[in-house]
Structure formats: structure tokens, C-alpha cells
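Listed next: structures, encoded as C-alpha cells.
Note that chain A is present in both complexes that follow, paired respectively with chain B and with chain C.
Take a look at the complex of A and B:
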């Protein structure tokens, strides 16, 4: 009897979750006796692909979408050509020579100085100076030519959609699920449609970039507009503003901070995506990095990596400085040249360097031959280091240990599980975490994955992300707990995470490839490093966010440090940590797909193959498999964090 | 009064909730605040009828959540109106459409806000000139008029500052200048000085009285500070749960609080500093010798009341005797003895 009372006390949610888990276990144990379809569903993947292909071709040709996209491609191409011409002299419209590197560098340095003083001047100036010196100016400008077109367009489109979703609740309700899908859609699924509708190259790259970079801008715009203080709105109305005047003169300027934060995110995501568009033939830093990594030229890869990192840091810091820069008044009677000092200095310096570049060609262009690149030497150095006896022993034994003891057994295990066992287990876990809605969603979504027909590959993707994220937690949480003990330490840690988070994801592959070459461990390591960032960051923030009164109360109750951590700090920080974990998982799904070119066997690999052809249908079934898996986790974890937060009254 | 009131509220209702209009038409008359609340509606304004006349300062006063701001926002049509009507200078604005409202606000209304409601990205001058700009006035006009207003509120030399570079009191001066820029006939102020510390508040009240002495606007002033209400008001409307409990001159409210709720406010007040001689005039009494001024507070003529030994003291306005007041009543007020004898 006591057993029964205990079970009833467990509560509906727990009961149901456990029941589902049990069913998953039962199916696994009994799989030898079960019909085949419970073990693996027959694969319908070709069916879906063909159906989708037919649908897309109908949209493209019969509905005439192709004409729309051609028109857009024309305009975009025009803009990109203009930017390319000005930045690196690609001789089409308007046939101006490339700007001298020295003039651009000086301008960026001055911009940094204006926005944030000498530190930012140094950062901006040095980044571009380095780029020119190592002979990567042209590649960088190829990359930038897409960003300078895509980022403003992404900003404007995001702004428009954000305003619309703020104005019409219906529109927002319709937009929200689309944004959720867009944010989990693997980037290969952005690339292929872009290629098909916009041809290979910069135009397709910028379309993919715009779509990829837009969602946060939409959210920030809506958020900023909602946060405009009621009284400011009323003041506008009482001043007799028309609706248009309200929007342009009151709402948008008052939401300046959020809009600029949105712009910052658009820029950073543009950079991240533009680097990745190398997969669809976009020239620039990403393409070079891809080539160098593929041919294992570590020295050059390393140099390009540094350029990308510097570029990211510059773009991020400058745009963030713009967010906090507030207008200041001038004293009365300030002459006009002092009021416009910054512009005048910029103009002067620019003209100066333009002239100097005519006299000294070195200040104009630096070709690869003249550059100070030490890629070859670095390559020899790195390879020599990796070839050292003890280094090889270390990397070799790590590789051996992980392969034999971690990766292979768990991979075998997850493939051994029958499809329906996995579905039940996932849905049971989601149910335990987030309640019935999450449980049902988990069930439906994972059944969807099974029906889409790429089950084994999906399981490999899931395996890689889960393993890497768990490892990242094992390493990251202790580190974060250690850092959170002291104020200074946690500030430094958060700063590091902040900077690391601005790096395009591609960069994280670099150290992994350097250490382990092109092997399965490399993928895991790349994901691990990438996902450590949000885990550490949110854990530190969660722990530091616990109010000092509570920890003091624990101290006064005579708790030891460990007790304090386990009984007060961690439970209170858990909702925040869960958000970090969720972000880490999303990052992991992103990374595992990128890592496909290393030679994985999962969904990403198959997706990358579709890029070569025009298998849009197949690409989308693969993409949606990833979306379904990622959204299951996203929904369950968020539901859990939300509930905890309510219970804890945060 | 023969003149049409500037603002006239007739059985005004404002309900917050899912479908207030439908609910109000179905609602049985005489429903109490709690009964309405039980039906999941909040009565922001509950059956308010009120006239405001030209050049008058009407202070709306009440505890937090009593519906002061809501009433004010109904008058400016920042809120839509659930029931009843509002007339501005005889024109019914209850259902005025957007174009008309904009026109009305551009020509007749000015409003000052508790947290100032300044546009953070605009300089002082640009903030003040904002309503003019919205009207489409020329740059030169905007600037000239803006500077004039800035001078009026004593902020010369700060016209190029941004709001965040100013103190609270200075920011509210900007708010005041902005609300006066279009030369409105009606001036709405929603707790304009509540966010300021007591010393500055006092200074701003003086400033307000100085401006009103020059401009003679019709004013609706919201506050929850009873002393502020007494200082500034021609009439005070005291609100509770969306309804007006009493609307009268400060003297009468202090002298004869209509309800317990009202007398709670008056208890702490030193009545002799509020009540004027003319308020106490009793038509049955007669006196001619040595009159006191009608607009003098009892406190101001304290010595006279204490030293005089007659039963009635003559009261005069501009040298003309207009009646007499009972000395005993005045004495009681002076001594802080309740209003029992007066009623």
C-alpha cells in the first residue's frame, strides 16, 4: 500500500513522464519480438523530396516567383557591384578604383575615436592595418562588400516587419512561429533556396545573409517600440501628432537604443553568415578559410582566423559604442567648424591619404606578394609543434580515449534504440521537464523526424550535439562556478564570453582542426568550444544574480560553501542556467551542420551534398528534421525555465 | 453662470475591461464599484458630472488609483469614453474622430506629465517647439516661439541641452514650456510636481502661480497632495473609486467635508490658514466698524479675532462692507477646535 500512495503523490506530470520513459524502455527490451515498423519506419524520404521539389517548381515557374526573385537579384546585384567596386575595385559600375587601404583604415580608426575614444581607434585601426599587412585586404573587402549591402537591408526589412508586428497583434502571432523556425533552421537550408532563386555568388550570399540576420532586428524593434514610456506617447499625442508623425518623430527615436542593439546583432549575424556563404561560392575570407582548412594549411588558416576575429571585434565594438553614444550639446557660440569637427577631420584625413596613396603605391594596394604574411612559416611551426613527441602522445591518447570509450559506444547505443523507443523517451523527458504540452510536442516532432525518413542520420546529429553539449557542461559549469566566486573574476569571464560570442561560428573549427586534424573528434571539440561560451556565461550570470541577502542568510545558517552552492545558489540560478543550456544546444545544432565538410555522417553531410545539385526538396526535408529536433529541446527547456522562474518568484 | 463652461462632463463613465460599452449599457443603475469589480471591470471614472469655467483652476485630488489620471485623460480624449459626454466650449468631443482630435489638441490643449514625458533625443528647444513643428509652423517661427517659452520658464541659456543633462525641476520646466507653446486655452497638469523633492516642488508651485497670474488659463490640475491642492485651487474635486465625493472651494471642503473620506484629508490641515473671512459671513449678523478684508485668511487676522470683543466682525471687499462673520466661529477655527459649532 505505501507504494501506491507514493505514486499518487508524484503528481500527474511526473507519472506521465515516467510512464512514457518506461514504454521507451520496454520497446527497447522487446525489440526482437516487435514488428519492423516499431524498430525503424520505412524511409519515405524520396517521396517527400520529390513532392517538395514539385511544389517548389510550381511556386517558382507556375506562380512566377522566379520573376520576382530575378528582379530582386537585379537590384541587389547592382548594389553589391557598386560596393565591390568602391571597396576592392571590381571593375563594374561605377568604375571607380578601389579605395586605398590606408584611407579606409584611417577612416575606421577615426570612427572608432569618435564613437569610443582612443581604445576603439586603436582596435579599428589595428584590425584593418593587420588585414592590409598580411595581404588579405581584397578578401576582407569581398566579404565586406556583401555586409555593407546586406546589413542595412536586413536592418530596414527587420525594422519594417518589427513595426508591423508591433502594430498588428495578428501579424505578430503569425510571425512568431516563423521566426522560431528561422532561428533553428540549419544554415544550409538558407543557402540552397538562395542559390536556386538567386544564382551562385554574392547575390545569393546576400539574400541568405539578409534572411538569416533579420529575425533579431524584428524582435528588437517590436520590443523597443513597446517600451516607449506611456507618457512620452501621450506627450506626442497631446502635441497633435498624426500617426505618421508619432511613428517617425516619437516612437522610433525613443526606441533608439533597442534599434541600435538590433543593428549590432544584424551586423554580427551578417558577418557570421557571409563567412559561411563560402559554401555556395561566395568569395572572400570564408572561402579562403575553407580552402586553407581543407588543404590543411594551418598557418594561413590561422592568419585568416585572426583577421576574421579582428573584423568581428571591430564591427561589434564600434556598433555597440554607437548604442551608448548620446548626443551632447555645444556651448553657446561654438563656431560651425567646431560643431562639425569630427566630419571635417574625417574629410581631411581621407583626402590626405587619398593623395598620399597616389604618391606612394604602397599606401594604395598591397598585393599578396608584397605582404608580410608569415603563413608558410607559421604552418611549419604549428605542424612542428603538433609533430612533437609529447604533443602527439597527448592528442593521440585523447583521441583514442574519446573514440573508444565515449563516441563509439554512445553512437552504437543511440543507433541500437528502436525509433519508437527514442520517440517515447524524448517525449517522456520533455513531459517531465516542461509538462504535457512539451511532452506532446516532443512526441509529434520526433515522430515527424521519423516520418521524414532520415532517422539514422538524425540520430547521429543528435548524438554529436548531445555528447558535445554534455561535455561542455562538465567542463564549463565548474569553470563558471569557480569564476562566479569573485566579482572581478566573473566580470573578466563574462567579458571573454562576450568577445567570444561575436566570433563567426566558423572560427571555432580552427583550433579543433589544428589539434585533431580531420577526424570525428574535431567536430565534437568544435561544438564543445562553441557551446562552452553560453554555458559559462549564463552560469556565471545566474550565480551572480542570486541576491546577496539569500547567500548571507545561508551563511548565517552556518552553511558550508558547498552547502550554500547546492542548496541556495544553484537552485536559484537554475532557470538562467537552463536558458544558457538551451542556447548551447541551439549553437550545437548549428555547428554540427557546419562541421559537415570535415566528413561527418549525419544530416549536415547529406545537406551539404544537396548544395552541389538542385535538390531543394531533399535539402528541406533534412533541414526540417533538424528544426524539429532543435525545437523539441527549445520548447521543453524554456517551459521548464519559465515554470521554475514562476515558482521561485523571479 | 451664463457663460458656457470651458469643459463640461456629463455623466461620464470610463470602464476598463473586456467589452466596457456593452457592459455599461446592460449594467443596472446604481451598481457599486465593488459590484463592477466583481464583474471583472474597473471603474476608472464613475458617473462624473462636472463643469470647469474660464480662468478657473480645478484641482482633482484623491488617493492613488482613485481615477484622477483617468478622468483627466478622458477630458483630453487620450482615453476613449465609455459613457456620457464631454463638451469643450460647447462642442461635443465624445466621439470626435482622429483628425478633429488632432486639430483640437493642436489649437486648444496643453498637457504636463508627472514624469515629464520629454523626448530624449531632442534638445530643450526642440522639445519645446515640438507641438509647433507638428502643426507645420516654419522653422523660424518654431525657434522664436520656443525661445520665448524657454525664457518664460527661466531656462535661458539651456536651449541646446538634452533632457538627461537637466535636473528634475528643470526638466519639468521644459514640460511646462512645451505645453504652453501653442498658447492653449486649457491647460492639463497630471501630478506635475510629484516627482520632485519638497523644496523644488514648492518653488515650482510658486512658478506655476506666477505663470497663471500672467496667462489666465483654464486649468485642470491633478495631485494627491492635499496641501498642494489647497495652495493652488479655485475649486477642488475629491475623487474616490472613480467617483467625485465632493467638488467645492478649498474653504468649504475644509469647513464642511461632505464625507468621512474627505474629512480624512482635512484632519491634518491647519484650517485657519485655509479658510477666508468671507467664507464665514453670516447674513443674520451685522457689523460695520473696522472691517477685515474678505480674502484674508483667519490666520492672517488672528490678532484681531483674539483681541476683539464683539460678537460679529465686519467683512469688506475693496473697502465696501459685504457682511459680518461670527467672532466665536472664527476663534474656534483659530484654536483648531472642530467644525461642530459651525454646522
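Take a look at the complex of A and C:
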């Protein structure tokens, strides 16, 4: 019986979705006969901007929020300055002066060895050794001085908020939409408020980093705490724990794995922000990268990119090893030096290198002049490659084909559609995917976009995002399916994903422009690289995660490889793939705004314009247009994945 | 005002001489002066030069990297103390907005003049010998066609937040060009760099002083000369019905600004700031030391200072003695 009701409900859902799509189509066909407001709403964008400007000025001056945030910025600044003193010798408390590079490198290598054996020791040691050798030590330490404050704070705040949202369902309900908005709000909207409220410099950079990196920590904390087994909780209660002890001694240790996975995410996202936050005062690698790019030094920017990838890889692998490593317990009566052996060795090696650095100055500091940087040679090499005849012919024809035959016509197509046709189509699709709630949300949110008054630009943003995601699927899915067949291949593919994700996207913007010019295809390609990562990653993981019993059953019933893929593996992996697709869309919305640095005509370009003259209100009108579009997709896809998972019993 | 300042300075100097070694300026605050650094080399080196000048006066200096548009809000709020390169063309709007809101003071102009306009690398001239006249450029529009611009030529304008009005000019002068906005300075360089490989003719937005002059030789397109009001009064310029039908002023300002409290908190530093005035060749030299000779900005600054003591010392002396 329940099965039948489900089918009829599904039927109604489909009907409604199709009905909405039909209405969208009808409006498009009849647009010549319809009143103007159905085609385009009158633009109220100036009205919204003025209102928001007044609101921000009220918050800043009358409400005095700026004093609160400035006080927070003061404390943050103190912490960052202290870290800066130790890492690169900024003249602030505690005035210790910079640690020698050799000592820090040795320490990281030892940590790698302790957590994951010689391979991790090699990775950690090599990464920092490379950094020192190419003369980027100081820049790296400048960057790290902010990260070592921002990442732990992001971890702690996320932990706190995660615990709160696990304890109080209402808190979680209130927090969720805020997090969703924070995650989809374009980067250009963070820029001005961060500078105004938190003081331009490392403090604003660290606040932006924390806000961006914290959400996964909150989610992982809540998830981990919810999954603590009942037996453990009861054991805690029976031994008479107080509520505080329950939390600290029972719940948190049981959720250790999830918490550390959250920490890993915080670290990785912090590193992902290194370049972007340099617009608001992040010192170090990101800032240098922008300088190198503005003086057209591809080689040097490439070297910085490698450093950032190595740094990210080291921190990623170290924190993952920490997840896997279970705490060691010692028998009673073990002497303290045996229990703290690792710490003692670290201390010994550290002191050794500190002393050596006093004797041999090159162990203390390597200046840019003495470094082994090959930036100039690399530069010549890259530019020569980009200038090769056959490269230009190939890219020239790709550029011609995509721009003239694909991108320009579809762009004009989406602009031709009346506003209300788009609203109906989007809401119909969301209804088909996620049910009535998603459909209604799609309708309301897209109407919101229309009311905010930047419709044409919003459509261009939507067009670039959807095209890039579609291309990413067409290219990424077959690649992932191919990779998922063998264990070794999938590991390599995931590694490539890791690298592609941490390599700063700014670096390939320039070669992309040199190859494809400042045209729509360049924008699409820049988004594409970033967008393919989650699609490949989640498809590989989804397919690898299908339980072997099921694939064996398919084999035994004589399914061909294609049948096995289409009828068992893909359907079962689909919810996971959908999560990847959703993430890809969110990445695309993030990148499409950044692509304003190439040259676009969408919301991103208009947001860039607001930076001249500090038009905060207009900036947020544009920013919220992006938020509304992104959230519509986010909600519909998630609802679909959730439903599929329930049906499949996953 | 200046003479009173000087008088108080002499008086305090007399008192300070008893225990302060050398030319220490006793009345300036010991809080660090925060100097913003952006992402182009001349500005970074210049900021370091001025920072090192302040340090030689015994003041504390710190640098912070920021966006070059958002920085005016920070100057206004006092988060950064000054800004050394306010370009008339690119940052005029942000500068005027911040000045109107209050909290920022104008510290005078550099000797350097800036020019920002349509520009082409020299190899373009071989294909279109009539250049630099804009009419000749218009006749060669075919040379600048791309797949996307159809039968019109392409002019690559600066980022929209620099407010360059390339589109308006092309329309006002009825030019056979489509205007595409690059998203960043780096995007402009990438286009020129790509064109260099096969000496393809391009016309792009460019400015001087700029490192690009040292890398690619080129010239500005000569448009109808700028008349005051060309951007407000349609009657000005050759087209009686349109705005922006002139070239940009060939003598744009490059000025310095400061947070308003700098005048009282670091009076001698502010005095030095208002004296500072770099010339075009000096700025080009600073940029070249980093962009071509690959020095670090700090090294470049101290090297430049060593070679130009005669230029900078009088600015300091005028305020400390």
C-alpha cells in the first residue's frame, strides 16, 4: 500500500512541475501580446540600494556596531601580531624574533613522522624546504601568521556553534539559513564591510577567513554529536558525570573523528582564501601573487602557486593523519619521559637547529637574492609555449566555435526569455526535483531576483554558471567513471582533484586570457576547472562506495559492464553525485563573480564597479541577487538527493 | 600656519636636543604610521621609499596590503594613515566620495603627470601607418577585428571600476569599434603579451607612468584634445551632441592624501608628506627596479633612496629644522 501512495504523490508532483514549465513556455510564446511587466519588471534597484545604504549607515554609526567589531578586531590583531613576531619577526609582543626556517622545517617533518611515518615526514619537510629554497619563506610565514590564528578560532567557534545547534533544535533552525546566505554571498560583498567593521589588514582578512571556513565545522560537530552511540552516553551517565563532564569527557571524545574532519575542512578552506583576502589586507603569498600578476610575471606567480599547493597538501595530510591516529594510552607507572617521548624529540631537534642557525646563517634565513627561484626562466618557457603556432590555432578554433556557435546564441536566448517565463520554468524544475517546497521557494526567490532589479545581469551570471557546470559534467563524469573502475586510478584522480582545488585560480586566469582572449569562453573555462573538481571527486567516491555485494549480484545475473554501470552503480551513487553537482554549482557561483577579473558583463562586473566610490547598498543588492539564485538550486538539489537516499535506504 | 608649526618645532627641538641623538622628532607620535600597499610595483616601491624616509626620522612605520579602491574608506577611518598614489583617472571617484564624507585631507600633488588613454604597442603602427591619429585608427578598424566583434574592431578598455568611458567615446566619435572591458590590469597585460607573440595589432587602455613602458614600446592614440567640461557639456569637443568626445586630459594629477588626524598626530611626517613630489622618470625608475631588475621592493627602495638623497633630504629638512 505505501508504495502505491508514493507513486500517486510523485505523479502529482510531476504534473505540477510540468504545468509550471508549460506556463513558462506559454508566456515566452505569447510575449508579444503580454503586458510589459511580465516581460521585465520595472527596475527598483536604486530604491533598494538607497535603503540598504541607510541601513548600513544606521548599523555603523547609530547602533554603534562598529565599536563592538573594532574591539574584536583589536584582540584579533593582538593574537596575529604575536604570531607574526614569532614567525617572521614583526616588532611586536613577545619580541622573540623570527624562528629560523631550518628549525620550523625540522619540526614539521618530525610532526609528519609522528603522525604518519616517513612519507608524511618527507612531504612536510620537502614543502617547507622548497618554500625556503625559492625564497618565499617570509611571505609564507606572513600568510601563516594569519592562518594560525584564523584556523583555530574558526575551529573553536564552529565547535561552539555546532554544540549549540545540537543542543537546541531552534538554534539550528535559525542558524541554517544564515550559514546558507554567508556561503553563497559573493566575495565582493564581503570586501567593504570587512574593511569598514574590522579594519583593513590582517584582522579583516582573518575575519573573512573565519566566516568562510567555519560552516563545515558547525555541520560536522552537530553530525558527530548526534551519532554518539546510546551505550556510550549511558555509560557516562552511570558513572555519574555532570553535564559539563558528559560533554567534555563523553560526547566530544566520541565524536573525535567528525570533529577532526571538520578541522581539516577549516584548514583547507582557510588556505583557499589566501589570495582573495589579500584584497583586504592578508599579507604574504596572496599579496605577492597579485603583484606578480599585475607585472605580468607568469613564472613567479606559478612558483607561488606551487608553494600554496604544497602548503595545503602538507596541512591536509597532517590533519588527516591526526584523524586516523588514535590516542595512545599508557600503563600506569610509565615514566613521564616515555609517555612524552615524541614531544621530547621535537624539543631536542628544535633546540639543535636553533643553535645551528646561530652558527650557519643560511640555516636561519635565505633572502630572495640567494634563492634558487627559476621564475624568470619559467616565465620565458610559459610565454613561449603559449605563443606556439599550433597552440594558437587550436585555441583559436575552440574560441571561435564556442563563442560564436554556443555561448553568444544561448546568451541571447536566455535574455530573450521574459522574466516571468524564467520564474515559472525555474520553479517548475525545482518542483520536479525537490517537491512543492522547492518549487515554491524557487518561485519566491526568482521573483525576488526580478524585484531587486538586476535581471539581465543576473541572467548572464546564471547562463555562465549553468554552462560551465554542464560542461564540467560532460567532461568530468566520463573521466570519473573511467577512474572509478580501478582503485589506483581513483586515488590518482582524487590527488589531482586536491591539487586543482588548492592551486590558486588567479594563476591560470592569465594564461587562459592569453589563449582565448577576453571573451565568454575564457570565463567559462576559468569556472570549469574549479567546477569539475567536486563533480569528479563525488562521482568517484559515489561509485567506489557502492557495496561490492550489489555489484557482484549484478555480475552474477550476467550484466554487461554497461548494464552494471547504468542499472546498479550510477543509480546507487546518484545521491552522492548530486551532492557533488550541488557543490559544483556553488563553486561556479563563487567563481563566476571572481571571473570579473577577466572581464564579464554580469553581476560580478557591476559589483566590481561598486567598489569605486564605496556603494555598499548597490553592492548588497547585487550580492543578494546571487544569493537568491544560488540558494534556489541548492535547496532543490538537496531535497532531491535527500529523497533519493530515503528511497534507496541509504 | 606653516611658520607657527616651524616655530613650535624649533622650540621643541631646542628642548629635545638635550637628550635626543641626531634629528629625532620629538613631537610626532610613536604609534606606527600605516602605509597601504597595492598590487602594482611603482606604488609599492614608492610606499617603501616614503616609509624608509619616515624611519630615518625616527618614526615607526607599518605596511598593510589593501585593495586600491577600498583603501579610501580606510584612510577616512584612520586605519591607514596615508595614500601616495591617487590617480585622477582610476581613483578620482573613490577619492572624491571619501573627501566628501570627511576624515581625509588632501596632501597635494606629485610633480608627475599621469596620462590614461587608448594605447597601442609599436608593432601595431607597422600595420596601420597613419597612427597615432584617431581618425587613422578608425580607418584601420578592420585590423582589430576579432571573432566575437564581427566586422567592428575591438578596443580593450580598463576595468569598469576605473570608470573610463571608452564606450561613450567610441559612440560619440562614431568609431567603428566595439568596446570590451578587461577585468583587471593583469588581463590587459595578458592580451598585449598574447598579441606580441605574432605581432597582432591591438589597441588597449594603458597609462603612464607604468612598468609596461619598459616591456612594450608603444604610443597613445591622439584624440581631439581635452577641453574642460568635455565630460559634462555636450557642446565641448567635435561632436556637439555628445559627451566624452575628447581624449582624456594628457596631464592628469597624481596626488597624496592622508587621514585628517595625521596633521596633528604626526605633524612633521605630514609636513614631509606634503613636500613629497615625485616625477615621472623617478616613478618609472622605481618600477623598473622591481619589474625588470627583480629587486625586492624594500631593497629597491633603499637603493633608490641612496641614489637620490639630494631629492628626498630637502623634503625632510624643510620640516625638521
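We adopt the following convention: the second predicted complex is superposed on the first by the 555 of 650 C-alpha atoms of A that agree within 3 Å, B and C clash if a C-alpha of one lies under 4 Å from a C-alpha of the other, contacts with A are read in each partner's own complex, and residues count from 1 in each chain.
Operating definition for what follows: a contact is a pair of C-beta atoms (placed from the backbone, for glycine too) under 8 Å apart; a residue touches a chain by one contact, two chains touch by 3 or more.
These numbers come from a predicted model, not from an experiment.
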Partner chain(s) touched by A:238 [first = chain B, second = chain C, both, neither]: first
Touching partner for A:253 - first (chain B), second (chain C), both, neither: first
Chain B versus chain C as contact partner of A:600, first or second or both or neither: second
Greater chain A contact set [chain C / chain B]: C
Partner chain in contact with A:215 - chain B first, chain C second, else both or neither: neither
Which superposed partner A:330 touches (first chain B, second chain C, both, neither): first
Partner chain(s) touched by A:439 [first = chain B, second = chain C, both, neither]: neither
Contacting residues of chain A [partner chain B, same complex]: 229, 231-232, 234-243, 245, 249-250, 253-254, 256, 326-330, 332
In the complex with chain A, residue positions of chain B that touch it: 73, 76, 78, 98, 102-103, 105-106, 109-111, 113-123, 130-131, 133-135, 157, 160-162, 164-165, 175, 178-179, 182, 188
Partner chain C, residues of chain A touching it in the complex: 191-192, 195-196, 199-202, 278-283, 287, 290-291, 293-296, 368-369, 376, 383, 386-387, 392, 399-400, 403-404, 408, 509-511, 513-515, 517-520, 595-601, 605-606, 608-614
In the complex, chain C residues that touch chain A: 34, 36-37, 39-41, 44, 64-67, 69-74, 77, 79-80, 91, 93-94, 97-98, 146-148, 156, 159-163, 180-187, 189-191, 193-194, 196-198, 211, 215, 290-291, 294, 296, 299
